[in-house]
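Letters A, B, C and D name the chains as they come in the text, with residue numbers starting at 1 for each one.
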Amino acid sequence: MALDKIGIAKRIAQELQSGWYVNLGIGIPTLVANYVPHGLDVEFQSENGILGMGPFPFDGEEDADLINAGKQTITAKPGAAFFDSATSFAMIRGKHVQLTVLGAMEVSQSGDIANWKIPGKMVKGMGGAMDLVASAENIIVAMMHSNKAGESKLLKTCTLPLTGVGCVKKIVTELAVLKIEEGKFWLMERAPGVSVEEIKQKTEGELVVPDFVPEMVF
Amino acid sequence: MALDKIGIAKRIAQELQSGWYVNLGIGIPTLVANYVPHGLDVEFQSENGILGMGPFPFDGEEDADLINAGKQTITAKPGAAFFDSATSFAMIRGKHVQLTVLGAMEVSQSGDIANWKIPGKMVKGMGGAMDLVASAENIIVAMMHSNKAGESKLLKTCTLPLTGVGCVKKIVTELAVLKIEEGKFWLMERAPGVSVEEIKQKTEGELVVPDFVPEMVF
Amino acid sequence: MNKVKKNVAEALEGIGDNMTLMLGGFGLCGIPENAIKQLVLLGVRNLTCISNNAGVDDYGLGLLLQNRQIKKMISSYVGENDEFERQMLSGELEVDLIPQGSLAERCRAGGAGIPAFYTPAGYGTEIAEGKETKVFDGKPHILETCLTADYSIVKAWKADTEGNLVYKATAMNFNPVMAMAGKITIAEVEEIVPAGALDPSFIHTPGIFVQRVFQGAVFEKRIEQRTTRNREENGIR
Amino acid sequence: MNKVKKNVAEALEGIGDNMTLMLGGFGLCGIPENAIKQLVLLGVRNLTCISNNAGVDDYGLGLLLQNRQIKKMISSYVGENDEFERQMLSGELEVDLIPQGSLAERCRAGGAGIPAFYTPAGYGTEIAEGKETKVFDGKPHILETCLTADYSIVKAWKADTEGNLVYKATAMNFNPVMAMAGKITIAEVEEIVPAGALDPSFIHTPGIFVQRVFQGAVFEKRIEQRTTRNREENGIR
C-alpha cells in the first residue's frame, strides 16, 4: 500500500545520521523532525535564522518572534542559536548543513529539480530552495510520485522552470525510494505492498530496476 | 614655527564635523581623538572591531581583550559596540565611516599614497590601510613634510609601492595644510610663522600657491 | 549621536514617490509594522520594495499592495497573498524573484561596499540568464550584484539612543543585512534604552548603520501559521 | 552534539605537516595561545598560517616562527616581530600580505560558499597584479578569491557544549570569520557552559561552524601596548 505523508517522512528519517545538521523544507520534509530515531543526535536548521529548532510550542505559548521557514510557530532547544539571513545562507552555501530535504513539482533523471514556478499560473518564488539545491552535497526530495493530474513527476527532463541542475541524489515518494546515478533513476526500495509494475508505470523517466527490490522496513 | 605632532593632531581635529564616524590610523592620527572640539559629537571606529572608542584606561584597569588597531589598551564609551573584522570592514568599505585619518611615507600630487612597504628594507604590511584609502570619500593624511633623510614626502609621483591611487584629498603636515585637486597640491594654510618659501622648497610636487596663504588658527 | 525620532512620522520624513525601500522581516515575523502603516498614510507611490516576502492581504506589505503604492517587488517568496498574485499575473506589478540566500547576501554586499560576488545559487536556471558565469573548483557560479536602498526600514527589539540594535529570536532574519544597505536606515523598535544599557559585546547592528530610531506605537505581531501541540498529548518531538 | 574535548592535545588531533591553518586574533588580542603552544609541542612543520598578524618574538605565532614550523604566512600586518622580518627578508619564509578587510572578507567568503567577490581595496597597487578587474559604478574593483583552511583555530570567551561561541570585546576580531572557514574548526575558550546557558539570540558563532571545543589551561593574555592614563591627571579625552 502506498505510504501516506507520514510514511514518507518516517522513511526519510531513516536516512539521518548522528552529528548531522539538517535543513527541512516546507510540507512533508517538516514532518521528518517528528520521527528522528531515538538516540540520534541531529540538529535542525531553518533558513529564516535558527539552529536547534525544537517542537511546536504548547498551546498558548506561541511567540510571534519565533517561527521556522514555513512560518510556523516553533520552539528553540537548549543550545539553539538565532542569526541573520546572510549567516543562515552562509551555513547552507558553505556546506555546513549535511542534509537538505525538500519537496518538488518535478525531478529529472539527471537530477534536475523544479519546484518554484508554473509559468502563467503560479509564481510563489523559490525562497531558499535555489541556494539549498545549489550547495547541498546531500539532497533528498520528498514528494508524491505523480501530480494531481496523475502525471509522473519523475521525468526524462523537467518541463517547468528549474530550481537547480544535476543536484538531486535521492527521492522518496509514497511508492518508492529511488536514487539518481548515471542519468537514470534507480529503484532502491518499494513501499510495502506496492508492486514494481506500478512504480514502473508511474515513472516517466528511465528507471533501472534490479532483480530484487526490497520493501521499505519501518 | 613648525608644528609638533600634537599641533598636527589639533589642526586635523578642526576638520571634524558633528555626526561623523571617524577612523584614526596609528601614530599622529590617534592623537586627534584627544582634541575633539568641545560639544562636537563624533564617534571613533577602530578597525579591529570597536565603535565608540573611549580614552585610555586608568592605570591598573587595562583589559587585554580591549584594544584599538594600534594594539593599545583602550576603553569603550557608553553606547559602544564590538564586532568582527568582516563587519568592521563592511563599515569601512561600505562608506559608513565619514573620515579616515592616516599617516603616509609619500603622497603624490594626483592623490596616490604609499605607506606600507620599502622594498628590500621594511615590509610591515598594509594592515587596513588599503581598504581604508580605497573606500573613504574623505581622507586626510597626517605626516611630516619631509622624511628622515630630509627628502620631500609630497611628490610628483610616488616612488614606493602604492597603498592606493588618487584617493588623498587633504594633507596636514608640520608646515602646512594642503589639498589635492586637478593633479596638484594647493597650499591652503601654513603653520604659524612658517614661510611660504619654506613650504615651496620642501614640496617636490607641483604646488599652487595663492596670493594670500593664511596662518593656521588654533 | 542621538538618533531617536519622536514618532513614526518624524522617522519616515523624506520618503517619497519612486524611491527604493528595503523592508526587513520574514513572512510577518520581524516586519516594521508601524512604519508600513505610516507609508499607507503617506500615500507615497511607485515604490520599489525589497523585502523577502510581500505580507498577507491585509497586513504588512499587503497593505501597500492593496493601495497600489508598489511598482516593483524584489523578493524571494511571495505566496500567501492573493492580491499580489492578481497584480503580478495581470502585469500591474513588476516582480523580481531572487533566491533567498542571494537576496540576503546582495543586501549585505550593498552595505559592505562589495559590488558583486559569485554564488552557485541559480546556475542553470532562468535566474542565471544574462549573468556572468565562472567556474571555481570545477563548479559553475553566477555573478550577483549588490543591492542598496534609498531607505531601509528595519524592525528591532531594542535600540539604544546611539542606534545600536538588538533583535529577538527569528525576528532578526533580514533586518541586520538591510540595516547595512540603506542610504538612510530607520529602525522601528519595541523599546529605546539609554546609551550604555546594551552590552557592547552583544550588539547585532552597530549604530553606525542606523540613522534614525523610533519606538513603534502598537505592535500587533500577527502570527501567520499558528502551530502548537497539546500539552496532554505531547506526542510531537 | 557534544563538541567538548578534554584538553588541547585531544582538540588538536589530526593536525599535521604541510597543512593550512587559520588562527584568530588581532595582535596578541584574542589569539588561541594554548593551541599555539601545543603546535610547538607537536612540532608540525611546513605550515601555511593564515592570521592577521604573526605574534611577537616570544609569544603567539612568534613561537612557531622561532621554531621554523611555518613555511608561509598569509597576513595583513606583521610588524613588531624581528625574527619574522629576518626570515622574510632572507627568503626562508614565504609571505603573502593581504589588505586587512580583504583578508577578513576572504575568510568569511570561504566559510559562506562564496568563491570570489569584488573589492576596491588594492586596486592600482601590487596587490592587484594578476587579478581580474571590473568597473562598477565608475570605480575599478579587483576580484578576490575565498580562503579556507584544513583547521581553523579560534579563541572565544565562552562556548556551550554544542559549540556555540561568544567573544569578549575586541578579542572577537578575526575569530568569527575564521571559525566559518575551517574544514575543522577548533575553539579554545576560557569557559565551557552547558547547552542552554547562552542566550540563543546572542551567539556570535553558531555551533554549526565549530567541530571541537576545549578549555585552555592557562591564559597569559599578554598586552602588546599597555597605554593608560593617570587617574589624577585625567587629561586625555
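Note that a contact is a pair of C-beta atoms (placed from the backbone, for glycine too) under 8 Å apart; a residue touches a chain by one contact, two chains touch by 3 or more.
Because the structure is predicted, anything quoted here is derived from the model rather than measured.
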Least hop count linking chain A to chain B through chains in contact: 2
For chain D, the least number of touch steps when starting out from chain B: 1
Most distant chain from chain A by Cα centroid: B
Approximate Å spacing (C-alpha centroids) for the pair chain C, chain D: 32
Centroid spacing, where centroids are CA-atom means, of chain A and chain D in whole angstrom: 37
Chain A-chain C separation of Cα centroids, rounded to whole Å: 27
Multi-partner residues of chain B (each touching 2 or more other chains): 50, 76, 82-83, 86, 89, 92-93, 135
Chain C, residues touching no fewer than two other chains: 105, 108, 112-114, 119-120, 167-169, 172, 200-201
Chain contact graph, described as a line, ring, star, complete graph or other shape: other
Chains touching one another, given as label pairs in label order: A-C, A-D, B-C, B-D, C-D
Parts of chain A lying in touch with chain D, wherever the complex brings them together: 19, 21, 41, 43, 45, 50-52, 76-83, 86-87, 89-97, 135
Chain A to chain C touching residues, read off their complex: 33-36, 46-50, 55-74, 76, 82-86, 88-89, 92-93, 112, 116, 120, 122-131, 134-135, 161-166
Complex interface listing, chain C residues touching chain B: 1, 108, 110-114, 160-162, 164, 180, 194-196, 200-201, 203, 206-209
Chain C to chain A touching residues, read off their complex: 26-30, 52, 75-80, 85, 88-89, 95, 97, 99-105, 107-108, 119-127, 157, 167-177, 204, 221-231, 236-237
Partner chain C, residues of chain D touching it in the complex: 105, 109, 112-120, 134, 136-137, 141, 145, 166-169, 172, 200-202
